[in-house]
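Some structures are shown below for you to check.
Shared between the two complexes below is subunit A, which has subunit B as its partner in the first and subunit C in the second.
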Partner chain A sequence: MNYDCLIVGGGFSGLTCGIRCQGAGLSTAIISAGMSALHFSSGSIDLVGYDHERKIVYRPFEYLEKFTGAAPDHPYAHCGVETVRESLFFLKDVLAAEEMEIHNNGDENHFHVTGMGTLKPTFFSQRSVFNSAISQAFARKAKIAVLNFEGYRDFYPELAITNLLNNSLFRDVEISTGKLVFPDYGDPQKNPFEYRSIDVARIFDTIQYLDEIAEQIKREAGDAEFVAMPAFIGIQNYKKHHQILQMLTGKLIYEIPALPPSILGMRLDDALKSRFAELGGVLIAGDMVKGGDFRGGLLDHVHTQNYGTARLRAKAFVLSTGSFFSGGLVSDARGIREPIFDLRVSATSPRSTWHSPQFLDRKGHPFLEFGVETNGRLNPLDAGGNPVENIFCTGALLPHYNPIREGSGGGVAVATGFHAANQIIKACG
Partner chain B sequence: MKRIETDVIIIGGGATGCGTLRDLALRGIKAVLIEKNDIASGTTGRNHGLLHSGARYAVNDLESAMECIAENRILKKIARHCIEDTGGLFVTLPEDDPGYHQKLVEHCRYARIDCEEISIGKALRIEPNLNPAALSALRVPDGTIDPFRLVSSNVLDAQERGARIFTHTFVTAVIQEGSRVTGVRCHDTGTREDFEVYGQVVINASGVWGQRICALAGVELKMFPSKGAMVIIDYRINNVVVNRCRVPSDGDIIVPGDTVSLIGTTSKKIDYSQIEELSIDDSEIEVLLADGEKLIPNISRTRVLRAYSGVRPLIAVSGDVDGREISRGIVLIDHAARDGVEGFITIAGGKLMTYRLMAQMTTDLACKKLDSSRKCSTHREPLPGSELKSMPGKHIKFFSGIPQSVVGSTLYRHGERVRQILSLSKRNYALICECEMVCEGEVEYAIRHLNVKDLVDLRRRTRIGMGPCQGELCSYRAAGLFARLNVATSAESNGMLVDFLEERWKGMKPILWGDGLREAEFTHWIYQGLFGLGDVNLPGEEESL
Partner chain C sequence: MIDLENISFDHCIKCTVCTIYCPVARVTHHFPGPKQSGPDTERLRIKNPELLDDSLRYCTNCKRCEIACPSNVKIADIIQSSKWKYFKKKFRIRDYFLSHTDLMGSVAVNYATLVNFFTGLPPVKFLLDAVFLIPSKRTFPKYARGTFRKWFRKYAQKKQAAFGTRVTYFHGCFVNYNDHSLGKDLVTVLNAMNIGVDITRERCCGVPLIANGYIGKARKNARYNIASLQKAVVDPGSRIVTTSSSCAFALKYEYANLLEMDNSSIFNQLNYITRFIYDQFQAGNAPPMKPVTIRAAYHSPCHLERMGGVIHTIDVLRRVPGLELQILHSECCGIAGTYGFKKEYYDVSQKVGGALFKRIERVRPDFVITDCETCKWQIEMSTPYKVLHPVNILARAFER
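So, the complex of A and B:
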């Protein structure tokens, strides 16, 4: 098998890169081991939410212009702020082609409400999380009803509302609670008190239940103009059903990302995979790259678990294998390693420096900033310290940024995936 | 200030204090127990959970060995649901002194501990993961004991017989009238209220913290704290307790317990000022894993789940350097005789295995002071939940409709009390913690009946958050249940969640690599990335959405 571009890792970054390459006419394949971090994400796309003092960033591009100058190793610095911007709006168009509406607040961040009732700055959100009607309703302090599905264990409105009311933005807002009860729906083999987001989403995906759901929403929400629910309003039919429910109830319906699996993230994953397939890309699912051979300082081919000794060749390879959680980096008691090619990693030692003393430390944890060392083109370095010019590393595999502390995980995934694709397109063209 | 009158006041909610509370209650004597944190949160809950046969002490400390085997037999009857009668092995490895084996056999004979010499082949059949290079093996009646369940059952029984307990409550002063101790002043850290308890006898059962209590009573007592570190392996890799057959030293035992196995222990003298914040050094972890691997080689390929340490509450005797050679004997002090302070008793030393005997000795002395002739019955009265031999089939049939795994896990943790915990309501048996199979009904029962004030307490009663994921999803759910059951405000629930995650973090930090690091990244992502839990107390932002 021979491709122009072979991408290892089918997460947010790999898919963005794949869509860009395939869309530019390169024959592209993505090897994906399974679920990606998108399944655990908020479903909004954070660009940069906090500065180095963890103060909220309101104008992310302005901030990045200054910040990248002072942090030359940061992935955004490798991409350049213009490419970061271009990549995000490229993604917005890609999702629009899949009829997924993504909203941004011009060049500014907006906030989304978390399951704990805190507010997170983010750049792009799905329609049910941010749009002009929602921001107007928030601005005029419309009454909110937080509704939950009876028995859904992964969201407790009580905890969220307390924290929300502590925020000055919500201090004068009236917030009520209520619950939806559908004992007869769903899988009879399953205890309805053990439903996860996905089980509830299946109910919302079913059109014949919508009238009943709408009735219950109206009853439970009372005179609240605004209804907030955990993000479980469907996966396949979410767009249409969200609209129908808003129409039937006459209320604005807002989704709060809850514990994984993330329905909002799965919608993004579905849309990106669908786009990649429509463009003619090849998705090799359920397989893992085990290694590869180098020739003349370049990666010649890789081999995978399922293909055995068969060689998968490409002109360019992209490594979007994620951080520790996704297996892109591994560790033992002695150190950190990149497991496929043993590429040079940036990490600290000894082990006691990998973490902060507190779990919820405001400085975040150093291990989140470990990753594969690259040059500005995102090429990793071989044992001799020379860049491997046909491998590009993207997303959470990269070092020198802290996705959680900065609120930058989604943006770095998209921007570096796009930046890598641009260079591959140029090299292949 | 609120004032409570009772007969006996116990300070310290470890095994000894709670055992004494129960002994007093069984003898019909009114008692109040004060614990500064949670029951079993000190040394009691920070050991390897070995139900000693006494063999470990037989060579060096025959008296302790004989106490252990006697209590071993009693506990197997009264605390069935807290115990697994796994049996244990002592194995000699090629680098060990082969003479110790024979010495141990002889000393076990003196102590009347059943000690059977078995072939390596038989030892490997009993414990297939054992190092096949072992030279010889002995079989002894070791087992495992869950200290949390044991202590909670003692308290439950005592409370059902009228005893009272205040957890998360500090003793701030010992009240004296002349040369007599008459009570204690307390501060409840939850309600932030001060109150006084008066009684005729005050028992200091606060273990290593007893030095401080004695000081409050104007009496000198010098503790000799010795730290012991342990690591938890994320699978139950052995069926039986595996001991190294050599002079006691670091890393010489692997104890299975519930869903995990534990490698114990190190021993290191520490300064008294360090007893609150115990740290674990990388060198201790290395020693434990290296020695553990010698006994059971596949430990090197198994995930390490946590590391933790406890303080041995030994009372100082001169001439000992590392705290291991010291007798772990029971020290019962009548301060009237020793210091001329009437109405004040200190019970210290000993070990988890002898908690009941220590409670009996203490209660006997208290009874003498109270002129009561009631006799001890704790050696024959089963603890609540342990009344009958476990018959899982019977309960599974009774609760048909509830997944067997849920019935089995609840039964395993609460014995016969399972009947008061589970019901056929779907909400009742819905799982909150999938790793340890803890359902909503068990959480509610623990919160309502087992003196649970926060998520960390709940973990000790139910094992919630103790499994492979270390509370990734269940801690949020359980925090939500505190609010939903109206036993905590939402703000308190949020606070508990932070405290719980920070408490779990303490045990994860020392072993943060491999899958442990992966799990930590994920949990950090959920609670900080997705929930912004660390930002809960941030002042509100003054901008529009």
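So, the complex of A and C:
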């Protein structure tokens, strides 16, 4: 098989890159081994939420202008702030083409509520998490009802509320709780279902249950104007059904990102894959790249588990295989490796320096900042230290940034995927 | 002692992504989903087989959970092998008949007209439903008169000697007993590409046997097929092709992973037909085609998805001039081989396929194209459209 651009890794970064390349007329394929980290994400897209002192960043672009000058190895510095901005609004347009509404607070960050009841700064959110009506309701300190689904194990409203009330923004807001039940299910304890977000989402996706659910919401929320629920309001029909529920109840309905599988993240995944397919891109799912051969300092082809001896060729290759969690990086007794091509990795030594002694260290763990060393074009380096000019590394595989401490995972995935695509388009055109 | 080789369930991080993409869990609350039926409860079953839960019978073995799994857990294999390891063996005449396709076929083709007539009669269907729990709503695939092998020996075999390059064709039960035209079309297509066709001794690949728990018989067939096919591919350049995506999947992957048989002697030489044709086209063996003027919707079968073969079929079809191809969103059709022929699963099977049927209706194609014979039965029964195999299309384009 022969493509202009072959992307290894079908996560947020690989999909963004693939959509940009295929949209520019390049024949593009994405090889993906299992579903991506979007299924574990909040479904909001963080740009940069915290500075190096863990203080909240309110105006991310302004902050990045200064920050990237001082951190030349940071992925955002490789992209340049203008490209970072361009990539995010490119993504917003891509999602709009799939009829997915994404909201931002102008050039400023906004907050979303977490399942623990804390607030996290982010840049883009889905309509049920951030829009002008929601921010006005927060500002007027409208009464909130936090509702849960009986039998759903991944959200504890009492915990969330206790934490929320500790926050100065919510100190004098009235918050109540309530429970929704699905009568046809009988006793949830005896049901073989273990009620994860996906099970509840399927109920919300089914139109015939909406009237009943709306009645329950009205009853349980009482006079609260604002209803918050874990994010399980449907996958296929979420947009329509969220609107119907708001109409039937006359209340604002807010989705709180909950434990995986992340429904908000899946919606992003669905929309991006649908866009990529619509443009004519090829998604090879459930396969794994096992290696490749180089010729004249360039990657000539790769081979995969399913295709055995067949060679997949391309002019440019993108490595968006993620970090340790997705298998883009592996660690063993000898050190940290990139498993496909054994590319040069930036990591500390010895092993004891990889992590901080505290699990929830505010500075984050050093291993989160390990990754494949690249130049500014995102090309990795070969054994001799020369860049491999037709491989581009993007997303969580990159070193010198800490997605947890900075609150920058989504933004780096999108910006580096887009930055790589721009260069591939230029090289192929 | 726990077999330390078999701990892929231990890689499960409980993310539940497999359950999201399970077509059965999507439509019925009676199936707790692949995570719970597979890796979660496997550890219990290893300790005590009494902890076996009946609900895992709902699994269709479509393998979509394995495609979705980010941690490379062989979820469907775990569930399949638990079915035959832990369920008490109970002889059920229906399951025996449904799964022994070559035995049934070799008898039925001698009385094809009679069998097809009777299996279509409402009172017979009523009886099958009441006594054997085969749903009366299900239409039966028609049997052909005589076998494909007989036709091949009589009309095609002699001409094949004229070709310098030849491949071995594993035709499978469907071509042999139900649809000779697919086998005939394969001969047309390969001959047009200047390649001869050989057949060798074969038995049912084992897919229906595995699904119905006849593992001993499945292993026996596997041993027979491996031995027979490896004799045909002694020369490393020789190739085996199949026109059934599920036969190819079984011969390559189920034999090795589920039946734990050594099929390395045939693994690299055996391929589903569109992969073989794709390679030939790439190597420059692409005879001119004439336009076909067909508007078709393509449905990708689950097992072809699992093998990663869908891109070859799409690529090969896209080269056919005049074929307007609409690729359907990848979804399970619900039949899962013999699953949809069982009364207790019939409704689930139809619900699983519901989304796909709606998509097909929206496209309003001239034909639906798919690689799998049981998907074909399901779609032909549940939509008004006739279903063709990619090889049927190629045969039209290559016809002189």
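Keep this in mind: the second predicted complex is superposed on the first by the 420 of 429 C-alpha atoms of A that agree within 3 Å, B and C clash if a C-alpha of one lies under 4 Å from a C-alpha of the other, contacts with A are read in each partner's own complex, and residues count from 1 in each chain.
Following the convention adopted for this analysis, a residue touches a chain if its C-beta (ideal position, glycine included) is under 8 Å from a C-beta of that chain, and two chains touch if they have at least 3 such contacts.
Source: prediction; values computed, not measured.
S.K.: Just checking: does A:Thr304 make contact with subunit B only, subunit C only, both, or neither of them? Give me first, second, both or neither.
M.R.: second
S.K.: For A:Leu360, select first, second, both or neither according to whether it touches subunit B, subunit C, the two together, or no partner.
M.R.: first
S.K.: Does the superposition put A:Asn375 against subunit B (first), subunit C (second), both, or neither?
M.R.: Touch partners of A:Asn375: none, neither subunit B nor subunit C.
S.K.: More residues of subunit A are touched by which partner: subunit B or subunit C?
M.R.: B
S.K.: Identify the partner contact of A:Thr348: answer first if only subunit B is touched, second if only subunit C is, both if each is, neither if none is.
M.R.: neither
S.K.: With both complexes superposed on chain A, which partner does A:Asn386 reach: first (subunit B), second (subunit C), both or neither?
M.R.: Once the two structures are laid over each other on A, A:Asn386 reaches no partner at all.
S.K.: Applying the touch criterion given at the start, work out whether A:Pro260 contacts subunit B, subunit C, both or neither, answering first, second, both or neither.
M.R.: Touch status of A:Pro260: both partners.
S.K.: So in the superposed three-chain picture, is A:Phe40 touching just subunit B, just subunit C, both, or none of them (first/second/both/neither)?
M.R.: A:Phe40: touches subunit B and subunit C.
S.K.: Which partner chains sit in contact with A:Gln243 here, subunit B, subunit C, both or neither? Use first/second/both/neither.
M.R.: Neither partner.
S.K.: Between subunit B and subunit C, whom does A:Val282 touch in the aligned arrangement: first, second, both, or neither?
M.R.: After superposing on A, A:Val282 lies in contact with subunit C but is clear of subunit B.
S.K.: Both subunit B and subunit C touch subunit A; at which residues?
M.R.: In subunit A, positions 40, 191-194, 260 sit in both the subunit B and subunit C interfaces.
S.K.: Taking the complex as given, what residues does subunit A use to touch subunit B?
M.R.: Per the stated touch rule, the residues are 40-42, 56, 58, 110-111, 114-120, 130, 134-135, 138-139, 151, 153-156, 158-159, 161-163, 166-171, 191-194, 257, 259-260, 323-325, 327, 330-333, 350-352, 354-355, 357-362, 364-365, 367-368, 403-404, 409.
S.K.: State the interface residues of subunit B toward subunit A in the complex, per the touch definition above.
M.R.: Against subunit A, subunit B makes touches at 282, 285-286, 289, 426-427, 429-432, 440, 473, 476-477, 479-481, 483-484, 489-491, 493-494, 497-498, 501-502, 504-505, 509, 512-514, 517-518, 520-536, 538-545.
S.K.: Which positions of subunit A touch subunit C when the two form their complex?
M.R.: 1, 29, 33-36, 39-40, 185, 191-194, 196, 198, 202, 260-261, 266, 277, 282, 284-288, 304, 306-310, 326
S.K.: Using the touch definition up top, name the residues of subunit C that touch subunit A in the complex.
M.R.: It comes out as residues 15-17, 19-21, 26, 29-32, 36, 53, 55, 66-72, 267-268, 279, 305-308, 311, 314-315, 327.
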